[in-house]
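Below are two complexes that have chain A in common, paired first with chain B and then with chain C.
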Partner chain A sequence: MESTIPLSFDRIAARKAVQAERRRSMLIDLGVTLATIIAALLMGFIVIALLGKDPFLAYEALLTGPITRLGRTGRWLELATNLILVGLGVSIAFRARQFSLGGQGQMVAGAIVAALIAIYVPLPPLLGVLIPIAAAMVTGFLLGLLPGVMKAYLRANEIVSTLMLNAIVLRLYDYVLTFHLKPEGSATTRSLPVQPTAQLPTFYELFGVDLGRFNLGVILVVLGAIGVWLLLERTPFGFAIRAIGANEQFARYGGIDTRRVIMLAFAAGGAVSALAGVHLLLGVHRRLFLDFVGNIGWDGITVALLARNNPLLVPLSGLFYAYLLVGGDRVEQQAQVGSELVQVIQAVIILLITAQVLGDWIRARRARTQAEG
Partner chain B sequence: MPSPLLVPMSQNTPYIVEMRDISKVYPNGVRANDHVTFAVRPREIHALVGENGAGKSTLMKILYGMERPSSGQIFVRGKPVSIHSPHEAIALGIGMVHQNFMLVPSFTIAENVVLGAEPVRRRLLDYKAAVAITRQLSAQYGLEVDPEAPVEAVPVGMRQRVEILKALYRGADVLILDEPTAVLTPQETHELFTAIRQLVQSGKTVIFISHKLREVKEISDRVSVMRNARLVDTVDTAAVTEEQLARMMVGREVFLHVDKAPLRRGEPVLQVRSLEYVTEAGVETLKGVSFNVHEGEILGVAGVEGNGQTELVEVIAGLRPATAGQVLLCGQDITNASPRQVRQAGVAHIPEDRLTNGAALSMSIAENLIVDRYERPPFTRGGLLQPTAIKENAEWLIEQFAIRAPDGDVPVGSLSGGNMQKVVLARELSAQPKLLIAAQPTRGVDIGASEFIYEQLVRARDNGVAVLLVSADLSEVLSLADRILVMKDGQITAVFDNTPSLTEEEIGYYMLGVKRMSAEAIAARA
Partner chain C sequence: MEALNVIFSVAFLAAVLRVSTPLILPALGGLISELGGVINIALEGIMLVAACTGVLVSVWTQSAWLGALAGVAMGTFVALVLAFFHLNLKADLILAAIALNLLASGGTIFVVYLVTGDKSSTSRLVSGQMPFLSDFIPGVRALGEIGRLLDQNVLTYAAFVLTAVVALFLYRTRTGMHLRAVGENPEAARSVGINVRRMQYLALVLSGVLAALGGVYLSMGYVKFFARDMTGGRGFIALAAIYLGARKPLGVLIAALVFGAAEALSIQLGNLRVPTQLVQIIPYFATLAALVIYAVVQRQRALARQRAFVQSRAAR
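Entry: the complex of A and B
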């Protein structure tokens, strides 16, 4: 191509304007997020005061709870690790606009399979950790593949299928634990501990700093966030996922094998979510028991949404959300504020952050004042 | 419903609408209107022209309350107003039909017309009244529609009439039509113009945006030219020629005639054999279509829209399954192959519906430009995407096609209508295919870009590419194609060599089904 249409348009100037706006826009986003958090906290403050409780006491507990005692800091970081890992997994499918809710089941399934190896197979150091991790990832992958295939080839709704799978896996977990993993004659329903070589060492064990059960599993968070970012932003597979998420018809027309990509996006997400299960097993609890994962699979979805499915923001939102949870526990204990109220405040914060309205509004105002010049 | 026309003009203004010193900067920093002053007289047809991205739609969206101006004032019938929403615009008697339609496809035409201001009876939609209203408006303004047909089942021309009726029903006195003819066939355009004249007769005012200067000359009383966010001038249409208008718009001469090297026709690239297609609803839209497209030729497909052209293209491209028949590409059977396999076999496709299929509005220009090639070098190497290569490709194509965008990182959704089209064109024309399918390639783009696209299509042909051109614009087909095939009711009714003696009228007879070649004659030439 040689000829070009001449353009009566100053691209250099336009580029400068837009790039400057982009930089400012990032700052605005940051400012807005902070402002929303403050606004939400303020609302909670007023509500508590209106209910006749001491808002200062409650807020001191909420805001400083997770950092005033090393043990609680450890609890915060350990919980954040779990939430981030699930959040990363969930965000992969979400980016392809597939509402996979299978995080809970994938974690549990990953944990069982990893446990079978970690408890019963003596392995040398390092391999003792790596093999259960790999096994959990494969399990999560397969468990993600199933709803993926059902969605891509049979058009089964993924919300229904992942919820059903969660239910099945949780029942199966209870069954395997009660009838196979629980040692004969044990009074509580729990498995044997994992082999010493399979443990992810805690920071206490490593350096003597008593951060509770916070452990080396945090490496998985770093690798996971970078890995998922690379996958989504720097690989052709990630490009295909994003194209499908943006407009599936367009992706198909453009030559993307949409069914295959959708299926694999579910599976890849499952593999990452399963890491949370293996972290719980090898680093936090070191054995299985009933209700081993709690609410983590669900909270992980909130974390992904808060971060708008951006893998580099998931760690931040995970830390933030875990802070609210741990601080919330403190509020209940310290200020005699019921857990419902704490949850309401948490929900308000999340809602306000997810709503983008404020940022858009500020940008529109700025644009208006600018044009007047 | 009281007509706002009855509201007296306050003050002594000759204008029904006046926009003074309007500026608009979009939140992302793009300046779309720069101190624009634009005034419309009552009962005139006022054309608004300008290159893609000049700011026409933005100015009209401001008048219709969809965008807020960054600065400036609006007067309606001499009174200063500030219009915060389409609702308020409608209350002022301003109605708009958008570049991209906004109807509810599954609703009937009558339901769409009254939507938002439904006649009610016992708190329920009075459907009979809706149908009656639609019939009455339709008769009054000569805009023929079928009130009880669902919108998704009727051709674009009728959908557009529905949009106009909808605005009229809500009491529009000033009707803004944003590129109404871009999707219309010449016949439909003609009908629309008749209706517009009738509207003006009955006291309405029409603002008309178009890239087709011939239409502007034909229909408008005055014309305003926008360029680079500014309003260059407003003149009496009778006082300017098309060439002068073009020069005001782009600042240079524009030639829409095409220099083609003599035909060097090679082997057949695309062979279509007895192709049939039945829609899911059971309608036969292709009834045994057979033809070849050879290396180095442009085969033009003419026909009134809705006679199977869309389905033909989509079946070849793998977007719809053929019911029977065969499609071969360079001898390889690609019947019912996936779009992926079709692309890998060497087909590029400029889709007719560019916003549904052709682009992802939330993705960047750079990403949209590689959707068909992101897995190949230089865009992927060693399993990783190469941001530099992707960026350079975007910069090159943005420059080549004069896509009006600050850089490749902006989302396609923030471009003007015509510039979105250009992103799709840039990708497909740069794909280096064996077969290039171009469906309505110049729809919605300005004359400068049309000229460039013509050159690109001819260059592809001269380089041995087989080009299948589908266009509702007969003059486009006549100036580009080497052979012309006419489709009517899902069949080929004529095939011509494009000799200078071939006229639009002659082709028209076949398009309308007045004439038809014998099956043998068609088979011999197709």
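Entry: the complex of A and C
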């Protein structure tokens, strides 16, 4: 319809005004986020000083740690890859205001299924990587579908269902690893390595640059961020997700099949989160062992939140968060201040960012001054 | 066969009570918050903070009761922070709670490290322990197996008493009914003059008190030290127990006992070469099933009400 009727100048001007307003709103969000981060870092600085430790030494380690040695840079980028992939997956359901906390389970499930193929099935190059990736995505999709169906059609609380699925998957993982994947007579609980053709090559293997375990899985980040952005911003499905996130009842009155969209938002998120598991398997560790994923599932949620569920900002927030994590480890070695303090700083940042009041307050003030002027 | 002997022994029952206590208390707290419409995901963090504070204060004051008191106060404070961020600063309840869990995990380790120079636990300190029944009535021990069953921590007894207290509060007091009304439909509650924010503050603070008691039990009853992340996901299992227990106090108590039994069983079966992971999965599956059944039943009821309403109008 729109393309056949020429836009009047009024409408073009109106659209420009809306876009300008949206940009301003984003700038305010960005400003508040940066101010929050600086405030939290300052708080940490004061705490370290009060403890009688050298805050300058600690902050030098925190802020330069990840870039002063190539190995640490690699660790930073590798960790960011994981966090960004989970963050992207989580952001899809979050955009529809569905609190899917299932990223952890989806990662692990994706990793198990991918491992069964990558360890035991010899495949030609390229296919050896692509088939485990596809298998992990399907697994994540199905694992996301389950809480999606429960929430959309039965109104079952998604927080509890996803937490339960996480717990179930983690124990199944332990079971499969301990009783089936662990080779007979092996002393440590770990699987065989994946087939050589299933490995995502590291940058060291490719170019001789020693960036630790940082590997070609980073391509998944680029594709994932663009893909999720296209999905959310340029497809009817994405429009429906955003409409539901803005106002579910209104979306339903507008003719959107909200239940189907909610269900699929969970599933799509699961498919993307599972990529992090497959990246860990094929690129980073190349085998399974106990406590394979650590805290990545929860950290990924934080990363999505910091980016306000904007898929183009998730890579930035993932890089930032991973930087703090790697820097935190460095602080511990250098300044005898526990990396836990960095964790506390992270928590304070999240807590302050969740407080909507500040951004809303600035916006309201602006609206008021504009109305007066 | 051997497994059955284990399950039907008095020692096993005693173990179930021990293991269930740190699930019952936070689950009751979670129930209150859920019925108030502000589900508390930070139970885990509150338990950790309470457990840590309790141990440290008991070391400092040489009094278990003062330690417990401080632990509960500190845990309640964390719940208050959550309430303030959600209700005053309009922070998202779930995300703020996730942040508090992170804060609790890092903060407790940090404080323990500052005090002891050890990051893993306070086992080097001599900390207090809440009394057991045999500390009040020494004769209990002489009763043999039954005595061992009865010789529980005072907080285990408290968990059962508090289940009744919570039930009375929610269903027999005016405040409790207001709290549930707010959770059921905040707009409707507000229209009849109930202060929604005050009720939700109350719901979160009470959930904090109960979760904190669970945390104190963990470090000052179940064991006698604080270890990093010692809650081990109990705050989340407690959330599950709310739904497995169909959001009723007695149901929640039974659900927490079921989770406790599964944990106790998996400890026992570890010696019998049965995969413990598979045993541990059972209650989680049960919760998923309970979640579905509960949702379906609620739907059927709503539909039945709708039909009855339509029929009553048609009859008129």
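The rule is short, and it goes like this: the second predicted complex is superposed on the first by the 311 of 373 C-alpha atoms of A that agree within 3 Å, B and C clash if a C-alpha of one lies under 4 Å from a C-alpha of the other, contacts with A are read in each partner's own complex, and residues count from 1 in each chain.
Simple rule for what comes next: a residue touches a chain if its C-beta (ideal position, glycine included) is under 8 Å from a C-beta of that chain, and two chains touch if they have at least 3 such contacts.
Just so it is clear, the structure is predicted and the values come from calculations on it, not from any experiment.
Of the two partner chains placed by superposition, only chain B is touched by A:Pro236; chain C is not.
Look at A:Gln343: by the touch rule set out above, it reaches chain C but stays clear of chain B. When the two complexes are overlaid on their common chain A, residue A:Ala246 makes contact with chain B while staying clear of chain C.
By the document's definition of touching, of the two partners only chain C reaches A:Ile301; chain B does not. Within the superposed three-chain model, A:Leu163 lies in touch with chain C and out of touch with chain B [touch as defined at top]. When the two complexes are laid over each other on chain A, chain A has residues 360 in contact with both chain B and chain C. Remark: chain C residues 39, 41, 85, 88-92, 94-96, 98-100, 102-103, 105-107, 109-110, 113-114, 119, 233, 236-237, 239-240, 242-243, 275, 277-278, 280-281, 284-285, 287-288, 291-292, 294-296, 298-299 touch chain A in the complex.
Taken in their complex, chain B has these residues touching chain A: 23-31, 51, 53, 68, 70-71, 227-228, 250-252, 317, 319, 338-340, 342-344, 349, 351, 356-363, 367, 370-372, 374-375, 380, 383-385, 387, 399-402, 404-407, 410, 430, 448-449, 451-452, 455-456, 459. Every residue of chain A that touches chain B in the complex is listed here, in rising order: 1, 3-11, 14-15, 17-22, 25, 230, 233-236, 238-240, 242-243, 246-247, 249-257, 360, 363-364, 366-368, 370-372.
The part of chain A that touches chain C in the complex is made up of residues 51, 99, 150, 154-157, 159-161, 163-165, 167-168, 171-172, 174-175, 178-179, 298, 301-302, 305, 338, 340-344, 346-348, 350-351, 354-357, 360.
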